[in-house]
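Shared between the two complexes below is chain A, which has chain B as its partner in the first and chain C in the second.
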Partner chain A sequence: MNDERKLCLSGKGLTKVFGLGRQKTVAVDHVDFAFHEGEIISIVGESGSGKTTLAKMLLGLIGETEGEVYFQGVKRDIGSQKKKQNYWKQIQAIFQDPFSSYNIFHKIDEVLLDCIRMRGGGKLPHAKKVEMMTEACSFVNLKFEELTNKYPFELSGGQQQRLMIARIFLLKPKILLADEPTSMIDACSRATILDFLMQLRDEIGMTLIFITHDIGLAYYVSDTVYIMEKGKFVESGSADEVILNPQQPYTRRLLNDVPKIHEEWDLSTV
Partner chain B sequence: MKHILHEAFRSPKFVTGFVIFMAILALVVFYPLFVTDHPLAIIGQGTFFPPGIYVSVYDTTNAPQYTMMLPEAEGNRIGAKLGDVEREAMREWLIDFGIPRAEIDIDDTAKLMTLWDAYYDPALRFQGMTSARQKYFARLDASLEGLLVMEPRVIAVPNTETGAFEASQSIELTDFVNVNEVANVRVLPLGTDNFGRDMLTQLVSAIGTSLQIGLVAGTVATLIGLTLGLMAGYIGGLVDDVIMFFTNLFTAIPGIVLLILISYSIGQENRGAVTVAVVIGVTSWVWTTRAVRAQVISLRNRDHVNLSKLSGHSIFHIIFADILPYILSYVVMAFILQISSGILAEAGLSILGLGPKTTDVPTLGLMMRWAMIYSAHILNKWWAFFPVIVAIALISFSLNLMNTGLDQVFNPALRE
Partner chain C sequence: MGKVMLEVRELTTKYITRFNEDIYAVDHVSLKVEEGKSLGIAGESGCGKSTLALSLMGYYFPPLYYTSGDIIINERNISGMDPDEVRKSILGKEIAYIPQAAMNALNPTQKVINFVEDVIHAHEPTATKKDIYDMARQRFEILGLPAEVLQKYSVELSGGMKQRTVIAISVILGPKVLIADEPSSALDVTSQKMVIKMLRDLMDRGMIKSMIFITHELPLLYNVTDDIMVMYAGQMVEHATAEQAVFDPLHPYARGLMGSIIVPESGLRGHKLAAIPGVPPNLKKPPSGCRFAERCKYVTPTCRAVSVNMREAANDREYRCIFAEQELREMYKNE
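Right, the complex of A and B next:
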């Protein structure tokens, strides 16, 4: 139905197997998907269903056991370091656990300067860089003057995740993969993080792949939903189709775990 | 880094180890400023001079003389030759000879000597007496000659014309010299070794050399171990397989065997201290490799490494900036242990006669070897080996203490 829109990331038979023999885990099992430009896609599944593994394959951080990934309709080639670096200019990520996402020996400034350098701004005058970093920080309601010369671990989980968004603000990738960006932080910060993500997406018009175990949240944010169970996509389609009219018992179970959805969100947010 | 140092210096174990190690280092650095002799210079003719202050007899006769009436002087003079052991031995002989125990008072020197002079006969050998014991009594008897005859000694000088000796100076029983006024006094706090070399000077120099050997061996082992471990852990795949193959090979062959074979094949003449250190380093990198590899494998899939990749960093940047700092604590600790085991390995090799060549520099191992070859341990010349053992133990102990202290800093779970 959305096929007129341009494909940005798609996959065929994508599989990841960890280990050998008896200890073999099929984390991702022959999944097919087609993500379109500008969409917000949610991948929903319970813990251990293989969401993070799939995300890492999409990012090219781990190799696939089987299957292919297509980037903008062409088979993805990230064979060399140079090609990888180019690929990562287009696709970026926010990881699940902000506390382990930063190098504890590097200051916040370095994290942000890396992004400027990656966008080719390495030779800009220092003042200009500071201006860019300040802008990125203020986008997520952080004050760069307060962060400069500090270490990421001195920030709260919510602040660290906002800093991640500031990073994406500087990088302006085509695709952002957000792997449960709110699962490790307190409930109060969650809404703000989501807000900033959505704002950022509107601002730079990127495709957002949103990974979550919260089907209610997926319904709330996304255009397209993929339901993942034990490494397989069991159901997919537009958010309305999948969530208002689930075909699979697994999807129904996920829905039952979120009691609110039919009562409040159902009517107010459609 | 500053934080870690700060923490380390709050660990009592680390501080104790550090202080001991620094004291040893200070000795090595400052001692040569005061005693400038070559550590291998032979100063004594004869073996194993006991520790003490050596005063030139010749210069003593030329030093200003003072007369002092010390009541204990005579007692000391006799006591020096006739100690408790000798008195007991004399009683034993006299009892064996047939004198009733009650008649012998070993505390009364004059009476004891009278009895001894009256009855002692070197030819007598009682039942159960070994010939060594018989000779001992003969020697004892000889040393007691003239013990009670306390007369001045006369120094005679040959007449330049006739060649006959003429008395020039009489030394009274009450004459003293001030050691400070004797021209030549040499303090040998640890005596001399079998070649007549000053033990302390040699020991200090040996500690220095051994520390250098440890440092070189530790550096070589750590560099090899770190490089291989990082490569195996981070690159993985075939590189990992090849490196692990060699690591397993080296693990299966005991390090000491390899060390002995390599040292032997190099040959005595080519074995300088540095060569031996390098050989030790080359044979002891396996554990560092294994530890580093294991750490790297657990680190390489962490999200901060992933983020660094996504930020476009090269493999080298990732290894040096995102992996190395996280394992640096382990590497430092492994390095400290390698230094200590390098020093021990040199000692072991040298005792087997496969250490550095003996003509260049003393090392702790070589000193042990010399002491052993010249049977210092059998002859009871404790100063020839005991200080060396203490030095090795102190170095090892201080390094290991520092290591344990660091371990507690790096692994808070181990803190009490």
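Right, the complex of A and C next:
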């Protein structure tokens, strides 16, 4: 791997165990990784392979049982609420279900103003704030004039997910973690959402981490792919290497299970 | 040409909102499915795919109403039939329907065998428990489900297993048409493959005579069905064989849809996904001209003014556009 690039987020022996004694479940089992700045990474695995648990640990939403996370080469410290908030200025997330990602009592203006405040723009004049919000909305092809004074649930799923991206545009985090960002959206809006995420990456130069079970999506978007099975990374490398020339039987099986259009889909192997 | 199992002519159905507005979610749709064939229906969310599935069964409940058109199943016209009559003599025997969240249809307090008994008793009240059990076991084993499943409660089964159990139960009477509405969308890729394999098996063994498969995932449709129909805003916009619809679509919308396919094959990373800008029209007040005009790259003033009908093209295909096949191909070539 190219070591000249700056390290953004890395982990050593990261482990999460749920339960105790006989009930013990090792969800994430001693994983090591190194994500670089501006890189697009995909973590691919089946349901129950520990993808989302790993994502939550990276976000600092749940504590790790063992191992360490390093942010920009320094050990991450999120001991207090204040430190956590500071960390979240650097790392943000888009979740699978846009319908349950918003506080239903907050209007769209409030959602976006929150982001401006978090970036320390709380004291800016109102006109400036509106300008920033309009810019963010137009980035994702939404019209702020049509959204103002509305609630997020009045929008369609695709629009809500785009509003999420507008939030990220205002926050300009170092890392964006997208947990199945397109799995609840139909194929046509999917292309739009992915497009905006890519543009955003180019615009503010952030690191993008995709968590997905769709190996096709992983191949399309990412530079580096990590394949996760039962809490462990079984294979990793550049997207072309892993997808076009898989070494592990698990990766081959995942690839085999996805319908394709230029090759025959072998149904006899289930 | 095989025997026609399901024929639909100019079917129109509507929803009535609480403000008494009519929304024509299925607008003059015609289709035909022959014995041993399967038809796929594609389109984005809200284009009327699922409403079409409900309408095909002839099973109407408010706010969905039948307006006009014919549904002919196995030479029997069921359009306008009383819902109770439909339930007794059509569902299960002639048509079986699998909704997306079919796995949630199993009552957690009942064993799987009880559902099978229910289905068979509704149509053959004289069948004995032992006969039903033997038949169910045999069926389940053919379809690759272990016989123990019959004695289990639904909560003891995994998501993919539940979905396959529901499919096995719903086709136990050998329906002429199976309508599968996104049967695998809620499952992960491995379970999805098992469900697809099961549907293929059902077709190959003649347990169902024909199938309509609804999904927005095109690679899946391409692999499962013989023909593909694309819907947009309640109307059919393209109808062709799977091969033609995926690799050589004629309608600009179908073309946009095919451009958004993501599959893990070499060559994918090179090309940019085609995103269709804009949103579908509000069906409360559908535009008078072509419904896709607002989002179409090749729109002309005529498109907005005149409504377009389906027109026929070479190789038995149909599409809905004012441009002739040759003109469309020219335009696509210059892209």
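We take it that the second predicted complex is superposed on the first by the 258 of 270 C-alpha atoms of A that agree within 3 Å, B and C clash if a C-alpha of one lies under 4 Å from a C-alpha of the other, contacts with A are read in each partner's own complex, and residues count from 1 in each chain.
Everything that follows uses one rule, which is that a residue touches a chain if its C-beta (ideal position, glycine included) is under 8 Å from a C-beta of that chain, and two chains touch if they have at least 3 such contacts.
All values derive from a computational prediction rather than experimental measurement.
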{"item": "Superposed partners chain B and chain C on chain A - clash or fit", "value": "fit"}
{"item": "Touched partner set for A:Glu37, first chain B, second chain C, both or neither", "value": "neither"}
{"item": "Touched partner set for A:Ser100, first chain B, second chain C, both or neither", "value": "first"}
{"item": "Partner chain(s) touched by A:Lys56 [first = chain B, second = chain C, both, neither]", "value": "first"}
{"item": "Touched partner set for A:Glu46, first chain B, second chain C, both or neither", "value": "second"}
{"item": "Which of chain B and chain C A:Ser156 touches, first, second, both or neither", "value": "second"}
{"item": "Chain C versus chain B, contacts on chain A by residue", "value": "C"}
{"item": "Which superposed partner A:Asp114 touches (first chain B, second chain C, both, neither)", "value": "first"}
{"item": "Which of chain B and chain C A:His213 touches, first, second, both or neither", "value": "second"}
{"item": "Vertex chain A, arms to chain B and chain C (CA centres, degrees, nearest 10)", "value": "80"}
{"item": "Lowest C-alpha to C-alpha distance for chain C against chain B (Å)", "value": "16"}
{"item": "Overlapping contact positions on chain A, where the chain C interface meets the chain B interface", "value": "none"}
{"item": "Of all residues in chain A, those that touch chain C in their complex", "value": "46-47, 141, 156-157, 186-192, 194-195, 213-220, 239-240, 243-244, 253-255, 257-263, 265, 267, 270"}
{"item": "In the complex with chain B, residue positions of chain A that touch it", "value": "56, 59, 61-62, 81, 84-85, 88-89, 92-93, 95-97, 100-106, 111, 114-115, 117-118"}
{"item": "In the complex with chain A, residue positions of chain C that touch it", "value": "44-45, 188-190, 192-194, 196-197, 200, 216-220, 222-223, 246-247, 256-257, 259-269, 273-277, 279"}
{"item": "Residue ranges of chain B touching chain A (in the complex, touch as defined)", "value": "301-304, 306-315, 321-322, 325-326"}
